[in-house]
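Which chain is which? They are A, B and C, in the order written, and residues in each are numbered from 1.
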Amino acid sequence: MDQQTKKMAQDPTSAEIPSDWLKPINRDQLKQEDVVRPSLSYWQDAWQRLKKNKLAMSGLIFLIILAIMAIFGPYMSPYTVGEQNLPNQNQAPSWSHWFGTDGLGRDVFTRTWYGARISLFVGLMAALIDFFVGVIYGGISGYKGGRTDNILMRIIEILYGLPYLLVVILLLVVLGPSLLTIILALTVTGWVGMARIVRGQVLQLKNYEFVHASQSFGAKTSRIIKRNLLPNTMGPIIVQMTLTVPSAIFAEAFLSFLGLGVSSPYASWGVMANDALTAILSGHWWRLFFPAFFISATMFAFNVLGDGLQDALDPKLRR
Amino acid sequence: MLLIQSLGGDRLKKILEVQNLHVSFSTYGGEVKAVRGVTFDLFEGETLAIVGESGCGKSVTANSIMQLIPKPAGKISEGNIIFKDIDITNANEKQMRNIRGVDISMIFQDPMTALNPTLSIGHQLMEGLKQHQNISNKKAKEKAIEMLNLVGIPNPEERLEQYPHQLSGGMRQRIVIAIALICEPDLLIADEPTTALDVTIQAQILELFGKIQKETNVAIILITHDFGVVANIADRIAVMYAGKIIESGMKEEIFYHPKHPYTLGLLHSIPRLDQKDDELIPIDGTPPDLFSPPVGCPFTARCPHAIVACEKMYPLRHESSLSHYVDCWLYDERVKNMKQTN
Amino acid sequence: MIKYIIKRFLMMLLTLWIITTLTFILMMSIPGSPFNDVSDKTSNEAVQANLESHFNLDKPMIVQYYYYLESIVTLDFGPSIKKPNDTVNDLLGRGFPISFELGIISIIVAIISGIILGVFAALKHNGIIDYLAMSIAVLGISIPNFVLATFLIQQLAVNLELLPVATWKSPSHMILPTIALATGPMAIIARLTRSSMLEVLTQDYIKMARAKGLAPYKIIIKHALKNALMPVVTILGTLLAGILTGTFVIEKIFAIPGMGQYFVESISQRDYPVIMGTTVFYSAFLIIMLFLVDIAYGVLDPRIKLHKEKGD
């Protein structure tokens, strides 16, 4: 601060105004100051916010570790998933069996990571299929509007009224339980939620001017959906997918528990928990603990990650 | 303000005094200094219009008077608001509840959202009355019907049973006004009361304000971004920009002798029917970032007449009459003198 | 309003028809027909004869379908294959009241505790209560009911011996199954209540209510809660479905002699008439509940009432 400026600050009413204060301001300099704040893209901004959410980040890290263990875990032990060893049944966790053994002497450690494969596979496949069907159905319904929308939404309304798990149980009873049929059964009505979300988003967005603009240039419907609408609807869709995974994992475990899960020798967490049901009364806690813990922890991780994404991707919260 | 006192003598009672009010909000990106030293006062039966662009702090000022700033994000960091003899900035929630609705009422911008969709009009009208006065249901109903008559709603008895979605936007705003007036407050704060309405309805509502003021002598603070609204009903005008009042004066003074380049800009950007060749001139640029407001005049970057002084230091107040002042370097005697000598 | 109810009612009938037809098609598509294939040791002549007469297995498919629909309309679900002395109706008559009791107690517990948790979390937004309530809620959503059930048995019944391990005899028997079944829906209700309450609290009409100088409890109960609970009403049907299917595993774990027990048993034994009957019965029950929830929503929200009266 120069001398004259200081004087002005001390005695603004009567001090002499510095002569150079009367010059017109330098506008180029002012403009430069305007761009001090870095502007982040939508995704960068969302990622910044997600990173600040500790719970969501620990969920993400847990899931990454789980995925790695699902791939490599089974190779870390000398046992295979269906290998029975009756003399060694119901052994508590030890150096030779880190998570103990089950009622048939099978290694719980190996089976747990096998279960992780099944659970993650079922969850991700269900989410992916829901995504494709839901986006196509909801996209068409929302974009076409009018009669098409009306009919498609009636169908959804009816599907929505069907008791989801009962239909799944019925399908599995008829088709016979296997990994493929489980995924199929879960997605038969699972995509409805996704379709509703996509439709809502599309309806909202299609009134925006930029869509009309590209329409007036003669852009095709498919191109408009792909180029303009989808990028703008990704936020809620990603959140919905993240939340589909835990519900599919739960459904698989639930079905296994009813005896409609993957069949032996394959292991899923639900099958393991079901097998271990009687074991808690005899004190073999580890047989139930590990599958139960991993089901809960995985669902927890997906749920907190989904919540975190919801907050991070919400454009309303963006400044 | 001295002028008003001298003009009105003892007949006019000062009911509100806002002194050097500072309000800030802590947000995700830092602290927003929304109001930065606002001072004004208000007399019985007077209408003061606070005019400015959105985000200039006018609504925050209004909400501060009601102590309705969202907490804990927002807080009054400095200054006082004195209503009659009570310092509102120090009042606790319980004291405030006895002021809100009784002494000071508020009208909101959007009548579509200001009424609760699941409660009947009658319930929403009478609940304030029942809260503050020991009144029988029958009396409360009579009062409610009286208020609906006052704000010009036909078939008031039927309306009491109806729900907000059964009424038009203009009707709903009349209901909102009736709710605000039912306890006969001394001060009515109207936050953009006509912005969400059709132009013809706007005129009707403004007319209603005039009528109400005549009948009840309530003082009104009108918050608006629209000089057209102001012209109809204001006595005095305060122009706000970036959290500060940059010019204030009687309505005629502001309309016919605007001083601040910003006020001038605002007046030029309203369409007028009486002067055909008058071109509409928009104000270029955007208001400054209130995370780190400039030390000098906030309008500097957009001002066509800005000099270096504007950027260096906030201008001193220039009083051109007893009721008219402006915060601008261009009216500083020293600047004027030096300009002439140069 | 009448029009709205009629529309919903027709929709309900359509959904009922679809689910019953779907069940019929699925059962008929089982290779070798589920009913002829009972030549194992559990079957006997009498059972076979019962099945033949009930399902008219010798008639053409379309006739079978007709008789099937007729039997459903008259609520006669036919005989059980594996329990020769029982019909599906006998099993439903014995099991359903118990399952219903368990389900109703659980949903009431879930609704009350979920709303309380959600409201307090929203009112103390970002405070300790909020974090605590939402941690409970996320845990509640994440822990499957059968895991929670076994954990509760292990800790409270086996280790601490506070409560009985299993069965359904006295109120103390009901505590653990109810907790296990109600926690998930409670968590969902709590989260929904919280978010919708937070949304409502930012609305202008809440600010307006504050500007009237109303007491805080009046603002919350009269103005906020009623609006905030609207979305909660809409998911009640879905939650009820979750609780009902939840009873399958909970009854299995706690050895509660409800319909869920029989149903799980019938699945593992491939007792098709029982599977079919239970599915149709439960679906119908849920679809009717969903219909009632819809009607309740229409009654609660004045906007729907009028909209439907005015609308054509």
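A few notes on this one:
Convention: a residue touches a chain if its C-beta (ideal position, glycine included) is under 8 Å from a C-beta of that chain, and two chains touch if they have at least 3 such contacts.
Remember, predicted model here, so these are calculated numbers, not experimental data.
Separation of chain A from chain B in touch steps, taking the shortest path, is 1.
For the pairs B-C and A-C, the count of C-beta pairs in contact is higher at A-C.
Centroid distances from chain B, each centroid being the mean of CA atoms, peak for C. Distances from each chain's CA mean to the overall CA mean are smallest for chain A. Work out the mean CA point of chain A and of chain B, and you get 46 Å between them.
In terms of their C-alpha centroids, the spacing between chain B and chain C amounts to 53 Å. If you average the Cα atoms of chain A and of chain C, the two centres end up 26 Å apart. In the complex of the two chains, the chain C residues touching chain A come out as 11-12, 14-15, 18-19, 22-23, 26-27, 29-30, 138-139, 141-144, 146-147, 150-151, 153-154, 158, 165, 241-242, 244-245, 248-249, 252-253, 264, 267-268, 270, 272, 275, 279, 282-283, 286-287, 290. Considering their complex, residues 157-158, 161-167, 169-171, 173-174, 246, 250, 253-254, 257-260, 273, 277, 280-281, 285, 288, 292, 295-297, 299-300, 303-304, 307 of chain A touch chain C.
Contacts from chain B toward chain C in the complex involve residues 66, 68, 96-102, 105-106, 108-110, 113-119, 127-128, 131-132, 163, 165-166, 176, 179-180.
Residues 27-29, 289, 300-301, 306-313, 316, 332, 334-335, 338-339, 342 of chain B are the ones that touch chain A when the two sit in their complex.
By the touch criterion stated above, chain A contacts chain B in their complex at residues 5, 8-9, 12-13, 16-17, 19-25, 27, 30, 34, 37, 317, 319.
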